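Pasting a structure here, questions to come.
For reference, chains read A, B and C in written order, and residue numbers begin at 1 within each chain.
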Amino acid sequence: MNNLKTFSMGGIHPDKYKITTASLIIDAGLPETVYIPVKQHIGAPAKILVQKGDKVKVGTLLADSDGVVSADVHSSVSGEVLKVEALESGSGYLENMITIKVEGDDFEPSIDRSEDISREIPYTPEQIVQKLREAGIVGMGGAGYPTPIKTSLPEGKKADCLIVNGIECEPFLTADDRLMIEKAEQIVIGAKIINKALGIQNAVIAVDENKPQAIEALSKITRTYVGVNVQTCATKYPQGGEKQLIAAVAKREVPSGRLPIDVGCIVQNVGTVFAIYEAVMKNKPLFERILTVSGDACRHPANYRVRVGTPVSYLIEKSGGLSEETAQVVLGGPMMGSSVTNINAPVTKLTSGVLMLSDKLAHKGDETDCIRCGKCAMACPMGLEPFLIARLMRAGQTEDLRGAHVLDCIECGCCAYTCPARVPLLDYCKLAKIELKKKK
Amino acid sequence: MLKISTTPHLQSSVDTRRIMLDVVIALLPAALAAVLFFGFNALVVMAASVAACVFFEYAACRFWFKSGNTTRDFSAVITGLLLAFNLPSSMPVGMIVLGAFMAIVVAKLCYGGLGKNIFNPALIGRVFLFISFPVQMTQWPKPAFLKFFDTDVQTAATTLGIIKHMDAATSATVAGGKLPSYYDMFVGNVGGCIGEVSALALLLGLAYLLWRRVITWHIPFYYAGTVFVITGVLWLATGDIRYDPLTHLLSGGLLLGAVFMATDYTTSPMTLKGQVLYAVLCGMLTVVIRLYSAYPEGVSFAILIMNAFVPLIDKYVHGRVFGQGR
Amino acid sequence: MDHVILTSMAVLGGIALISAIILYLASKKFAVSEDARILEIDAVLPQANCGGCGRAGCHDFANACLAASEEEFGNLNCPVGGHPVMNKIAAILGYAAVEREPTVSVLRCNGTCENAPAKIMYDGVSSCRIANHISSGLSGCPDGCLRLGDCVKACPFDALHIDEATGIPVVNEEKCTSCGACVRICPRQLFEIRPRGKNGRRVYVACRNTQKGAVARKNCKAACIACGKCAKICPEITVENNLSYIPPAIDAERFGTELAKACPTGAIVATPENADE
């Protein structure tokens, strides 16, 4: 196991808490009402096409992408549109959402609901991109970058390396792990689809070594597919970060302010690749995803297949309800996920987990004086010096921040995690970014 | 009521107190060696120093600086132990208390406390005593293994003291007959400060610190390595026993300094690159002072001088930023 | 021994002499020639370097004054020194003095602990700008005061403090110089520099919430619900985006109390509070 790949700069090894590795993906079922946000991606919100009283089916287009960086939004249930208005999202800010009352479970007839695996890809690259656009596929790792843009090469750019991101380095989350175990062949075909769209021959599925079952399942399949290989990586946070993964697998560094395509790489999350398979081969728009409901205060942790728009509170009820010791409900992983103010907020295309964390685990210690240990600089995967950024921010020396490369910060939280003096270093970095952007 | 907070929601279990406790644990083998070789007196020196340091930290924070009680973080215990390690076992208790005052109140708390001091407190305490009481600070009781209450104290010269008093003509011919054996230097059966004599015990401490990831190997390695290489080159060039690299490595306060003093978080550079530069310069200064100054030993001075350069190193030496080319 | 002492004195004295000569030459060679009036203006300015004038500091402002023509000078203002200082500068430059109304900073939010009770707890760094980034805040109002006091820290004149009973910042009128540091730092633009008014009489809407009345009221009892009652009293008052705005020009002495009484939620604040007693 000496040839495990990993990135060389920084990184940490938090406790894994992968309690749900062995739990099969269960269907979460249908809530009474779903709230579907029209902005589940980076870029402009989609244009709403339905109004109050409209009847919709599973897969009906609700909102049309507005502009290049945007994505279609589809209905995840069948029923009646109750209202189209701004509602409180997880952060407490209002967002435009389409509220649908669930009636039955009728699918649009174009969706192929059979379980058979389609292996032949009869489409041209243009057709593939078109299908992805129609299915509203976005990067499901968390960023929400519309996938059609990533699967069509920009003018003058060349890609030679597709990396399928099977690294789930956030503690607690196991949704990608389970997906790779249960849908290995679909993921491999999905990778072939992206390869065809981009005209590349090879794809690497990167999985970290703490997922032996997924590695085994994928390796068995890739034997019969030419050009798709599984690469085992060492377990280290934040290996799932795009720049870190490219550094680990392809040994290339994406320059500051550039995109992976600038070094010839394309990274797609396994969840996205599976959605791509379903969109292209099964005509299925992106209206459901796999997520992990877990946390140290969660009574019955599990991996669920969830319809987009399902309220978080529905999933919490499914998993045994909000326990006494729950101090925080976090959407996403515990390192980068956001804590919610409102548990009725819906699950979106980007929600990789719902975590219930106790005060014991998620308590922020009292800040003490920096002891100048330098652990933050050692842990930073971008080679920044968080202690310096914090010092500059405290002193109000915002003009020196650019020299500290704050804008390269990926907000992974390694610095704040590792700080023995409990200095909220990431908060200072975020503040520094806000200040710098204000100045521009 | 739900709570919201900023990311990350998890935090490493290692806090300042845990790190300091680890350093105290790492110092224990050397403390044990001190008691084995210098008996009860070493115990008195260590107890006096630690007690005085903790007392001064508590009293000064409470009554003078009116800040919170910082004795709980164990950093005063470390300063106390390190100060004791840098003293001979015959040191009078009154002087130790004075040294502890200099270390804790003047060198640390006056600068703003843990994390803000420029110079290593224990070394300031030692150098203060060294300059104020040169006679008491250069009397080295002879080590007596497992004789705890040996009152008939003979004194012995330190290895580096012997080297200093050799002249160029004799050293080449006498061929080190008077120098202790490598084995004695390694286990600690030589004259010197109570904590610095046993290389074995210090290396055990180093191993613990590395295993607990309190420090990285860079500063100890580059510091000791620089001394070893420079003296080694001189030794090969001249054949003079005074330049014997292994003797220089095992004698005096080099290992204590390289493992515990130069690695002090607060007074060493923050970045890895800066630490390497700092350690190499520490090593060069140590050799210069040992070989060409009036003092036989130069570790404390070398580290203190380099402490003064740490802010400068931190300002100009930065690691590579991801994606910025090699 | 004599010669030792003499030699050392000679050597040290020599070094001192040479250094002095070098220093003298350097100060001549690198001397920066400045208009003498800059120093005069500098002496008049408050030297708080607050940046309230929009310049990098008082010296920079002095430079700007010197470079300005008489017309341009009319646009420059030191909010801290007010017109006494500007008049002095005008005298130094030989320009005519410009009259300007005294101003003060006001907080356009009345989301106190009582009006806008906390629904969640916040555990993180004490910074409004960070809290604003991650959520709508304790009460759920996306435009209300976050109560973490970035403005208090930013105020260079110690004119702001968080009232422990209400949780929101209070402006000390006597200390406030309307430098605008709070206006710039507040992530929700809750501060506004307004004329102090005759006898401290001012009237303004203490709310920035643009949500629909019912939604806003759910989070805060003192939210502006854009009912338009104030606009009926004073047609100059605008009601846009579910929010009413009272322009600074409204005569507070005449309408202040009436407007405050007419407001059904208490979003309109008229100062001083005991004006009619």
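Following the convention adopted for this analysis, contacts are C-beta pairs under 8 Å (C-beta built on N, C-alpha and C of every residue); 3 or more make two chains touch, one makes a residue touch a chain.
Since this is a predicted model, take the numbers as computed values, not measurements.
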item: Chain nearest the overall C-alpha centroid of the shown protein atoms; value: A
item: Chain at maximum distance from chain C, centres defined as averaged CA atoms; value: B
item: Separation of mean Cα positions, chain C and chain B [Å, integer]; value: 52
item: Between chain A and chain B, centroid-to-centroid distance (C-alpha), Å; value: 49
item: Averaged-CA centre spacing for the pair chain C and chain A, given as whole angstrom; value: 42
item: Per-residue overlap in chain A, given as positions that touch at least 2 other chains; value: 338-339, 341, 363-364, 424, 427, 430
item: Multi-chain contact sites of chain C, meaning residues that touch two or more partners; value: 119-120, 123-125, 130, 134-135
item: Residues of chain B engaged with two or more neighbouring chains; value: 2-6
item: Contact set on chain B toward chain A in their complex; value: 2-12, 14-16, 18-19, 73, 112-116, 216, 265-266, 268-272, 275, 318-324
item: Sites on chain C touched by chain B in the complex; value: 118-125, 130, 134-135
item: In the complex with chain B, residue positions of chain A that touch it; value: 9, 12, 14-15, 171, 243, 247, 253-256, 258, 326-330, 334-341, 343, 355, 357, 359, 361-365, 368-374, 377-378, 381-385, 387-388, 405, 408, 411, 413, 416-422, 424, 426-427, 430
item: Chain A residues touching chain C - in the complex, by the definition given at the top; value: 86, 88, 91-94, 338-339, 341-342, 363-364, 367, 424, 427-428, 430-431, 434
item: Complex contact set, residues of chain B against chain C; value: 1-6
